[in-house]
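Listed after this line are the structures, all set down as structure tokens.
Each of the two complexes below includes subunit A, the first together with subunit B, the second together with subunit C.
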Partner chain A sequence: MRQAFAAAALAAALSAFGASGGHAEDVIKIGVVAAESGSFVSAGNTIPAAERLATKEINDAGGVKIGGKTYKIQLEVRDDRTSIDTAIAAARELVNDVGVQAIFGTESHDFSIAMTKITGPAKVLQFTGNSTLGQFLTKEAVARGGANHYVFQTEPQEFQRSGSTAKGVLALLTPLMAQPPKHSVVFVANDVAGRYLSSHYVRALEANGQKVDLVYYPPDTQDFTALLTRIKGMKPDIVHFWYNGDETLVAHPQAVQLDVAPAYFLFGVDPGVWRERKLTSGAPLTLSCVPMCWGAPPTKAAAAYFDRYFGMGATKGVQSSVSLLYYDYLHWYVKALEAVGRLDDPDAVVDWLLKSKYQGVVSAAPLVFNDRHQVTFATEVCLVKPNTSGQFKCAVEEPPAAPPPGDPGN
Partner chain B sequence: MSGRVSGRVASAAFLLLLVALPWISPSYRFLSIAISTGTVAITLYGLAVLFGQAGLMSVGHAALMGVGAYSAAILALRLGIGFWGALPCAMLTAALAAGLIGLPSLRVSGHHFVIITYAFCTLLTIVLTNGGDATGGASGLDLDPVGRLFGVNFDSVRNYYLLVLAALLAAMLATDLIARSGYGRTLRAIRENEALARAVGINTALHKLGAFMLSGAFAGLAGVLQAYYLRHISPGLYGGLPSLYIAMSVMLGGARVLYGPLAGAVIVNFLPEVLSIDPVDSRMAYGAGLVLVILLLPGGVIASLADLGAWAAALARRTAGRWTQLAQGR
Partner chain C sequence: MDAAAMAILLQQLVNSLAISAIIIMIGIGITLVFGLTGIINFAQGELLMLGGVATWLLVGRAGVNFFAALVAAAVIVGAVGFLLERSIFRFTLRRPMNGFIISLGLSVFLQHFVIRFWNSYQKSIPDPVGGVWQVGSIRIAAVRVMVVAVTAAAVGFTFFAISRSRHGLALRAAVADQDTARLMGIPVARYVTAVFVYGSALAGLGGALMIALFPITPFVGQDVVVGGFAVALIGGLGNVAGAVVAGLILGFADGLSAGYGLPEWTEAYSFALMILILLVRPQGLLGGTEGPAIV
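Take a look at the complex of A and B:
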């Protein structure tokens, strides 16, 4: 014990004086900003966990080869503490003090937008999973010289995710219902993500023949009974609990208790969580993941990824699959650096990313960034066999190529 | 050296340290947290006028910051008015918003006033979230950088820190001047015994309204500074929880002493960040700390430290006197 302590103290002292065993110049510093504490920790924890796994794999495979030199990835993780002030301070530190090449994160729309004001002028690439960024990633904004030229959205355009999800939910639920569903109610938090995401999902359901009512609940609601009673009065065929998995797990039992609808859909609740918590539902129920489920991985590559991910000690949570919005992109970014052969030309890296394809875990088809720096892939939806905790039937419906009528597409 | 002189020397040294900070600490993270803390501290000085002098506690000051921030953003986006033009306009708008809330709510006092200010916070969040293109809805609004003035580039973090520091020092000075003025004495008279103040001819409602509007102007100033630092604002920044933190900070630091609000901002905003304390843990600590402060240190941490210092000095003087007597007797 004493020896271990002495070794640790020596290592700390050496690193403090910049005299670690490796060559300090032979590293590529990559920043991660995510909530490792505070109220967004459920999603936030997945980002550093995914990037630690990707970093380990890249470094174990020999590192990054650029211009005849080999570099190791040095991950610089900063906890944003679910505070925009801390996120901004972290971005300032990573960009100006540490000098990172790229930043991955955050999980929050507002934080990510505010961070782009720091990463953009410094020409630091920022990969963030928020599909809400779609409003800001216009063709003009991502063009060279534009405010968001160095920002990449690692989640599909929202109309695509909504379209893929809506098709999956209706395809899985319809055979179990007495008559085909015609009327859906989307129940969602009245916040930035909720309003943005639901606006697309409503259009996607309408495009699939549903009459849709949208009901907002105040963020951080715990007692949903008043609003659910109102929804029951609308006589819906399906209630779609949209976007916040943690709040959905509070609201859904209350809906079941009130017998609000004959069928339900819970967005962002992984079948793995349903199984581990031994939850059951008498009514037909579908679950979806962002983007694919660790409790029922749709491909061998995804299953192997989740084995490695949890093998590193990552938490099995409602939003663990969010990690996939970050894992592939570090690998892809490293390939871009190797292809460009330089560390000091972020514009060339952006250009290479835009013309390349990458076969990642998150999608059966290769990933491609479009001209608004967004990717395309499908969302997995799983049906829970009634009155069971661990029997699922899953579908991965291809996303629509174009937005449905009434959806502006961003 | 007398106590007053040594106090002034300590104050001057502290302020010099704040000014020199960008040259002492090159860390952008440190400066960034200092900027956030500074903007909150400006709001706290406004609340110190309201709570410390007039005895009215508001838990809606984040909303008043929001009024300032959104005013600045809307002026910039719709009318092309930049930071310097927006600054007085936003302060005025926030003061008017405080006046609007104050008109009906100052007829009540104590808990009722607190509840109404909190309700304003919630109402503002709903209005901003559902404000469509005018407020950017739930997504919020973006701002351009402050830019240059007289050749100074305020896009640089160091210069922005100095700008926030200048605003903070102005807020401290204004608070001190108010506290020492006849107006401050009037507010304190209302705080101590409103009925008596009214009986001697003070228009208490008008003065309470004035204090609330003044306090709102401070919050508006802080809102503009915060908005131009973050360059992206959204309704969530100005809801109930940030308002509660502001109220808690002023109670922890102390509203009736010059350095109390600054200490509150440092305790709640700065220390947990630089010490990397888990926000959930720090919330629990603040809850417990607030109860302890209310029970044991009703004047706040800084006032109690000053009392403790005075008590220690008196004790030292008495002890020294006794030793002198003993020595002379021997």
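Take a look at the complex of A and C:
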């Protein structure tokens, strides 16, 4: 009798386990690899925060409907610790062990490129907001059977981002300067991303009539005074602090103390941070966001997005707007899955994404992937009214359609 | 050299003084702990970070005056040092390599401790002094002068405490021959604790000075600790004057190489100089201890 009872109990337990196993099959696992610690944390933290918001919205709206079944999104977040080895290990785990359908991340250009070597062969879609991918997303590479067929670049091509930014910076600063600026110095970290990004920005400034000098600093520099004094000797009209918003906020006050230039531009520093830290600048100053500023959102949709984003508990950081390089694309990807109606056909999902348009938050115009799996949208630049912390005048200049002279375009 | 070039050179020399001050502050803590107790504490950079975070909490959150926070940061980090020495490093004195490995783990632990409670974003405080002085064509930020002055005071106090005081004499005796020192009634273990606590307090002070100059993150310690060890080794272990000389050399090498060399090679110049000096003067520029092997 006891044995029969035990057998019945075991059968019931197995049945219950089987039922919960059934529930486990009704989820779509989505991977996120991002720096939740380490030097890129400012941008990295925004990726899981954006995807948590998108996941909540999708699940709260009833989930993903595929072939008569409803699935919930299950986010699998891994911290790459700003270490390429950790990012690769995380991608391997997510693809091989966890079995994710797609991966979003990372914030770091070379990390993302390394991860494509894992996601590509496994036919796992990878959405990554790194403009450096342009070098690898050739038409041949993204064609079916190509090495990067499953990779999508969620940030505009770098010549477009640089062109939009350079136009905005010069348009906003020039009226405030005693003479039209002619000589710019671009000050940038000496790493893979810094070298790549600045090469395009220099061309964009030259295309807008600037003579440009480029000065690199060692990554993780704290005291910039020696290099800034060197730049002061070059007598620039504008110093452009390019690319790492956290390091820029360390360097810029030192430049002001040394009176290095009559005007400045800080890339990747949100006006919201400027306001919250009660920072001020006597010299004309512009800030830019990647791609829209939470401190001065240019559209109602963007303002509503940031309300929801921070409402979820996300930290108001220097680069919180980077979240917009990821948020729209999870929604778009889910639409693709529903349209294709299958979870086991990533090629069909890729095809659907390429022929569809998506009206997201990041752009006033619908997002479209071009034939190299890249999108196009503008970058917002804001002028800080001198000696104020919270008064901004912003511009969203359309990106150029073609690269400027000397810029190979990728 | 024309007037403009001379002005730039003078500005570079002024800039280098503040760079040197921070390097010296972390270097002295390391040279005392490493040179006089034999403890190789790579978490010294994180102790500096804790000093910066404590200052940020006190000034930014609690509204405490910066100079009061400066003292409090040194006391708080000194107390942390006391706990660490009593609970961890005391048990590694006979096996310094164990202490070294533990300190590597401790540095990661302390980073994540701070992240857990106060997140990983930059932390900054308003300029506690404010103002920039224009001397001819040279611009001197008052906060940098304050940092150099506080460092000079801390260095002076440390130097005289070790070279002139009764306790300094006992400490040096303990380093030279521990058994004899014990027989003479010197409480060697207490001196080890005291040196570790003092070195930690100096790191806390350095952190407070650093956040007065720059925003910091929980990872700032790993950027400065290698420079601190370089200062300790170049100057001679346990040698305060040596640490000052080494800090000035590295600070000026840093500043001038950034100003006139290939900017992206700035750190390489400084560490190439360190390699050269240690090859020529293995005992350090002013000589030092080898650190007590066994306590």
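For this structure, a couple of remarks:
Criterion: the second predicted complex is superposed on the first by the 388 of 410 C-alpha atoms of A that agree within 3 Å, B and C clash if a C-alpha of one lies under 4 Å from a C-alpha of the other, contacts with A are read in each partner's own complex, and residues count from 1 in each chain.
Keep this in mind: a contact is a pair of C-beta atoms (placed from the backbone, for glycine too) under 8 Å apart; a residue touches a chain by one contact, two chains touch by 3 or more.
None of the values given here were measured: they were computed from a predicted structure.
When both complexes are overlaid on subunit A, subunit B and subunit C end up clashing with each other. Residue contacts after overlaying the shared chain place A:A303 against neither subunit B nor subunit C. Shared-chain residue A:N190: touches subunit B and subunit C both. In the superposition on chain A, contact of A:S83 is made with subunit B only, not with subunit C. By the touch criterion defined above, A:V27 reaches neither subunit B nor subunit C.
Within the superposed three-chain model, A:G38 lies in touch with subunit B and with subunit C [touch as defined at top]. Contacts of A:A226 after superposition: subunit C is touched, whereas subunit B is not reached. In the superposed model, A:H109 lies in contact with subunit B only, and not with subunit C. Only one segment of subunit C in 2-10, 20-28, 38-46 or 128-136 runs into subunit B in the superposed model, and that segment is 38-46. Counting contacts by the rule stated earlier, residues 37-38, 190 of subunit A appear in both its interface with subunit B and its interface with subunit C.
Contact residues on subunit A toward subunit B in their complex (touch as defined above): 37-38, 79, 81-86, 88-90, 92-93, 95-97, 109-110, 113-114, 117, 132, 135-136, 190-196. Taken together, the subunit C residues at the contact with subunit A in this complex read 4-5, 8, 11-12, 15-16, 18-19, 22, 111-112, 115, 119-122, 124, 126-127, 132, 139, 141, 210, 213-215, 217, 219-220, 223-224, 254-260, 263-264, 266-267. Across the interface of their complex, subunit A is touched by residues 26-29, 31-33, 36, 129, 137-140, 142, 145, 157, 229-232, 234-237, 269, 272-273, 276, 278-280 of subunit B.
Those residues of subunit A that touch subunit C in the complex are listed here as 36-39, 41-42, 45, 190, 215-218, 220-223, 225-227, 229-230, 232-233, 246, 249-250, 253, 257-259, 277-278, 315, 317-318.
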